[in-house]
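After this come two complexes, each holding chain A, first together with chain B and then together with chain C.
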Partner chain A sequence: MSVRQLLAAMVILATALCAPASAETVLRVAYSDDVATFDPDDAIILFGLDVSRVLYEGLVQYKPGTTEIVGWLAQSWSISPDGRTYRFTLRDGVTFHDGRKMTSADVLAYFRRRKSPSLPLSYFLDGVKEMSAPDPRTFVITLTAPQPAFLDRLASPWAPKVIGPGALVDHEGGDLGVGWLNEHADGTGPFKLVEMVRGQRYVLVRNPDYWGAQPYFDKIEILIVPSINQQMLMLERGELDIVEHGYPFDQLGKLPPGLKVDAHDALGLEMAYFNRTKALRDPAVRKAVITAINPAGWLTDVFGPFATPARSLYPKVMINGLEPVTYPTDFAAARRTIAEAGPVTIEIGYADQEGPVQQRIAEFMVSLLKQIGVTATVRTIPLVEEFSLVNNLARAPDIFIAQNYPDAVHPATQTGVFFETGAALNFFGYSNPKVDALSAEAGQITSIPERDKDYLAISDILFADGAFIPLADIKDVIVYRTGLVDLNTRPALPWAVDYGTIRRE
Partner chain B sequence: MWLFLARRIAGLASVLVAMTIVLFALQQIVPADPARAMVGPNAPNSVVEAKRAAMGLEQPLPVRYWHYMVQLSQGDLGQSIYTHNPVTRDLARFTPATLELVVVALFFGILIGAAVALPQALSRWGPVLRLGLIGATSAPIFLTGLLLSLLFWYKLGWLPGGGRISPDDFAAGPTGFLLIDSILAGSPRMMLDVLAHLILPAFTLALPIAVAVGRTLASSLIEVYRQGYIRTARAKGLSERVVLTRHALKNAAGPPLSMIALQVALIFNNLLIVERLFAWPGLGLYMVQAFASADLPAILGVALVAAATYLVVAAIVDILRALFDPRLGAQ
Partner chain C sequence: MLERAAKARTQMSGLEAAAVCMLLVITLVAAAAPYLVPADPVLKIGEPYQPPSLSYLFGTDEIGRDMLARMIYGVRLTWLPSLVIIAVGVSVGTVVGVAGAVAGGVIDLLLARLTDLFIVIPSTMIALAAVAALGPGIWHTVTAMSVFWWPWYARIVRSEVKAVSGRPHAEAARLSGVRGPRLVIRYLLPAALPTVLVTATLDVANVILVLSLFSFLGLGAPAPAPELGAMTARSLASLTTHWWIPILPAVAIFVLVVTANLAGDGLRSLMKAV
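And now, the complex of A and B:
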């Protein structure tokens, strides 16, 4: 055999080996990064929520396509008239992945673990006074004070999800099972985690003992593919079935044949945070800058039809039925203000999680600001640096733009994470006692129209102060191969289809 | 030889200690919060403070450094902030992929470099061939990799575009070196699949090595061919092949071997790009994730592996040089 023949044979063999698999019941999806952990109590994750929710299940969840809360492991529930006691009736016939039958004692043991202060997501159960399991199918939570947002917290993508005693007892390991649960799972969901090779792939197989409807797919394979370009090409070649996040907005209008888009409203709100301690100290300058960065000037260019002008500082799936925010539009007045203020130079920082999109917005803002005489520069802010901005406002950018997600659909979760004094994502340390008081008041109101009035008042104050600027409601965009149906996306669940229901036509 | 190796190890140990000091000092300057990275964005500040205390981040830097060095002396590299795993476990998983890729890339690089250098030294087409190779590698490595991927994977479908192995053949073997694992498993299909996955990333990494090694070898051979002992060998009637293999190559091997050692040190820079481009689950991917999370234990762990790899390769090169040139051995 000549060298040429040998090479030809190798190429043919390799081609045969590398042909896309045609197994009908395998669904292949890619993540850009490894998942930090599948332990539902140990970290906030974004990539991995789709997997997490088919491994583990909580008491309640949001119904697909809506923000309505429905039962999950809880068949039903009741809330005491004083709003402090939640009594859940658990579903019968639920088993964990290791075959043990779930009882309320297991749920109680799990919730006690979740409440452990050493676990980062224990804050979801702040305000829980006591928990009990009076009978095998009843689980009761008593709060110290009413929390109208409590049920939303239990329906959140990062809500408590019941882990089995197989993990919590057999693999406790002196660390509440954190080490074992990092790469293993023992839940009640329709899939079992059978393999997790970091950097390469995670494999889930169908749980034959699942209490609900059996999923269509036998197996879900999650491949780690860091480059979104690579993911797009793999999708086109049929090596992937879904790209759940990161498909460039400007490519969505010219998708290759065989691909479809699911674009749905989501909780991701694009906001600008103003550092009011430097160039934007003067309210008149802030107003001029807001005039220039009006999303009407760049929204379609950046997002095409996949975003709408923001209606408040709350995503529209949280508070709906409003008109878009009214921005000041008098460019001539803005130019005069800047001319009177003298040379104004500002720095725009953008979050690197959604780097290319945020960078485009920042660059549009630079050119718009130039029209009113403001000189602006741009720099990226790594995720781990975002939270340190408040520690050195003098070195921080004047504007920070980012798309962030609250914990759940209730507006209290948005206010508590972004706007209150000392909130985690209050990047420039804004503090307003009136906002804090309104937030405390709204957090106790159960009537949705009454509650929303308070939250919209907060939104108006923050916008008028030039502290937080609502920019756009961004749709969650998922690109998938034609023939897949029943994706059952949820507004509150970022970057995720429902592997429990998705199927081929 | 043992004294030489001991000196090398002592030298490397001092470099590593200096590196750990610098990286620890950088923590004080970099405005990143590992505790926040570990708990995620939305957790209240009280949770972050608790995590910071649990991670010992509130202790003075020298105290933290001392604790780290004590752990290190016991083979414990700490816990990764991103993966929440012991760094040693992560390294054990990610290092084989990178080492396998580096070894194959070096093999390709030396092979192509030699193939180009020999005609360069021996024929009048040398300068033309040299220009051709330089032209092929003058593009940035991400562009070269992208073009290779688009052509041989996306367009022609001859080779896989990413990963170490096809999902259908996936097997996590005992060593983590999939070529070895495929032999242990007695699976020719798996071996061919692994080789097919290696070709594009290894070739992309190999091109700069080929240029460097090829040029150095060619220059060295040209110099050797001017020496009197080559004329003597030819005058004795030895064939050109014998002159090349017995006399010229042995004497010309020193500079290219040194260049190979240097290329191993440089290859880690290109790994970050190539592993991302080809979804290669190695230290480059691990490092990128670590940077994004201010994951100092992981960054230090990778730095240690890279330094240790360089030490081993440099030692092998020195031994080979001494074998080719007994004068160096005597020194």
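And now, the complex of A and C:
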């Protein structure tokens, strides 16, 4: 080999060694907000569900693109004839990220942790009487009473997902491992969390010991980029592969070359909550206001083809086959009602998680309300304030609009979270014994048509009362670079693709 | 006198004179906005995102509201509060400055230190925090800004009044028995006012910018009030697709600020000459 050849070989070798890891094996995604925690028991998160589900896995999950429940860590399961006992046969050969083998004892220890009242998501296991691990591959849950929605709760994006003893024993720390899990993870999923710099980025790497099919990507980088404009630019320049949420609907029709849209039906339901203690105390005024805010007046302008008028207070993925809700349409009558009621001034609050879209809806409503003589203003409601609205209805807005996500596909998870007396997201404290009784009755019915009949009766009562107003079923929209395939989105999993299956063509 | 006025006109450039005229027009338009706008600034009058055309001179926004109407109201919502803030600042500053200069001694020292305190604290940041705590609203913004907008005027008035009070005409007034408010109003204040007025005119541009910043940050009048800063902030995502929605309100702020600055320069030239 001549000196020249040797030098050339050295240059090639040096170039190869110094080159960054191939971008082909790294998936780059942006979140608009930091994730509170990936601890599956400690917080309801929206951004981060896709990371959470490749770090941790539950017993069951929804099959991609459907609402069908399939096994995950549970290979199979059976339900006793009285509907109270669930017996799960666990998958063999599953290991935690620290290399320990998963057994039913680990699953039991984890579920006991999940049931701790100090953890905010412990309510998923309400009604669980006892749990046991009779052999290393069997886990049994016994309920105090049948819960037809129980399996859906276990398939929810916020469902219990098994955390390993590396966190729950080695780093228990007197706080059930909550502190350690704020910045670490010990699950069974196809990726491991290797870096978490709050406000900047999270890095996941492929778990070589994963029990299932190996993911295509070696590494996933999640960047925290608060501005959607910046995310759009980064996507266009190839610095990001996916914008999972927040791409402006009005720009989806003219995407730059090299980008594609995945729009799928989801559980997101746009809903208006009425505060019936102030300007909207009078049912006639409420009816006039409902006439004005009819989504027919703004839906296409705001969402284009990515939303349809709501069919009930349950997303169409949950209860399908209905006609859109019928709104009163007599604007002249609405104007007369407001004229008789005297000056009506209201405030519309909107959830800040969906800021630009919600503000646009609110401003359309202001314009339409003005046509019937109602003066309205608009303000954003920060997430922390949403949960305290019920404590001070006098200072709360008259209408609150938000895109809502129930826990799972079963309608009981919508009723229980939003409509029942004292429900966590019943923002204005609506209470109706008839609704509560119907909900309790429907929650025990296993026949889907019979069950849905009760839930639709609840929807009708709430709409007629002017307490909750169904507005629109909104598609989940994901914008990504062409060449990515097998995104495997799920209707019940908001703002998320499956990092375990996504790959480049 | 006529000669001096003529000299003043010659000392004010054509551009400055035009700016003064423009400012008068802006004030008239702001005051008469409800009678001038082609449409209600809150009502949807056409399809969203219509570009400027003969039908809609400044186009329509993301709701389908008339941009021209919203900008006229936007100027009103920026210009009139700016005048209020300046008026409050000048009034409070004058009272504090005169009180310190006339009283002297410990009172003067205390008022001077209080003025210094308000000057050194980061007033805009505190005003932002105050409005954030009180909740967005144009009057909250005006109140919070007014609280911090007087110290410079107090300092100017104090030094001017102190300088004037040693002059012969003030001494003569004192010797002839003029005391108290009469002395201040007839003999001391008139000499300080020109400097204050020129400062105030130039200061309007600063107030407009700070008000627009508040509005840009969502701390102005509640939406959907057509505030110029907020209109730009809310529609930044449309910059590349519907440029007129974020750009035109920003241009309006620019024009207001430049006009106010030029008019201030013009008035200063006028005062010097007179």
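The rule is short, and it goes like this: the second predicted complex is superposed on the first by the 483 of 505 C-alpha atoms of A that agree within 3 Å, B and C clash if a C-alpha of one lies under 4 Å from a C-alpha of the other, contacts with A are read in each partner's own complex, and residues count from 1 in each chain.
Keep this in mind: contacts are C-beta pairs under 8 Å (C-beta built on N, C-alpha and C of every residue); 3 or more make two chains touch, one makes a residue touch a chain.
In this text the structure is predicted, and so the values were computed from the model without any measurement.
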{"item": "Fit-or-clash call for chain B and chain C when the two complexes are aligned on chain A", "value": "fit"}
{"item": "Partner chain(s) touched by A:464 [first = chain B, second = chain C, both, neither]", "value": "neither"}
{"item": "Chain A residues touched - chain C or chain B, whichever exceeds", "value": "B"}
{"item": "Inter-chain angle, chain B to chain C through the CA centre of chain A, in degrees rounded to a multiple of 10", "value": "40"}
{"item": "Which of chain B and chain C A:224 touches, first, second, both or neither", "value": "first"}
{"item": "Contacts of A:169 with chain B and chain C, given as first, second, both or neither", "value": "neither"}
{"item": "Partner chain in contact with A:34 - chain B first, chain C second, else both or neither", "value": "first"}
{"item": "Contacts of A:248 with chain B and chain C, given as first, second, both or neither", "value": "second"}
{"item": "CA minimum distance (chain B, chain C), superposed complexes, angstrom", "value": "7"}
{"item": "Residues on chain A lying within both footprints (that of chain B and that of chain C)", "value": "none"}
{"item": "Chain A-touching residues of chain B, taken from the complex the two chains share", "value": "30-34, 36-48, 50-51, 54, 82-85, 90, 93-94, 97, 149, 153-154, 157-164, 166-170, 172, 189, 192-193, 195-196, 275-279, 281-282, 285-286, 288-289, 292-294"}
{"item": "Of chain A, residues touching chain C in the complex", "value": "228-229, 232, 248, 250-251, 254, 301, 347, 356, 359-360, 362-364, 366-368, 370-371, 377-380"}
{"item": "Parts of chain C lying in touch with chain A, wherever the complex brings them together", "value": "40, 42-44, 48-49, 62-65, 135-136, 218, 222-225, 234, 236-239, 241"}
{"item": "In the complex with chain B, residue positions of chain A that touch it", "value": "10-11, 13-15, 17-19, 21, 23, 26, 28, 33-34, 36-37, 39, 42-45, 117-118, 120-123, 158, 178-179, 182-183, 195, 197-201, 221, 223-227, 230, 233-234, 237, 239, 382-389, 391-392, 395, 404-407, 417, 422-425"}
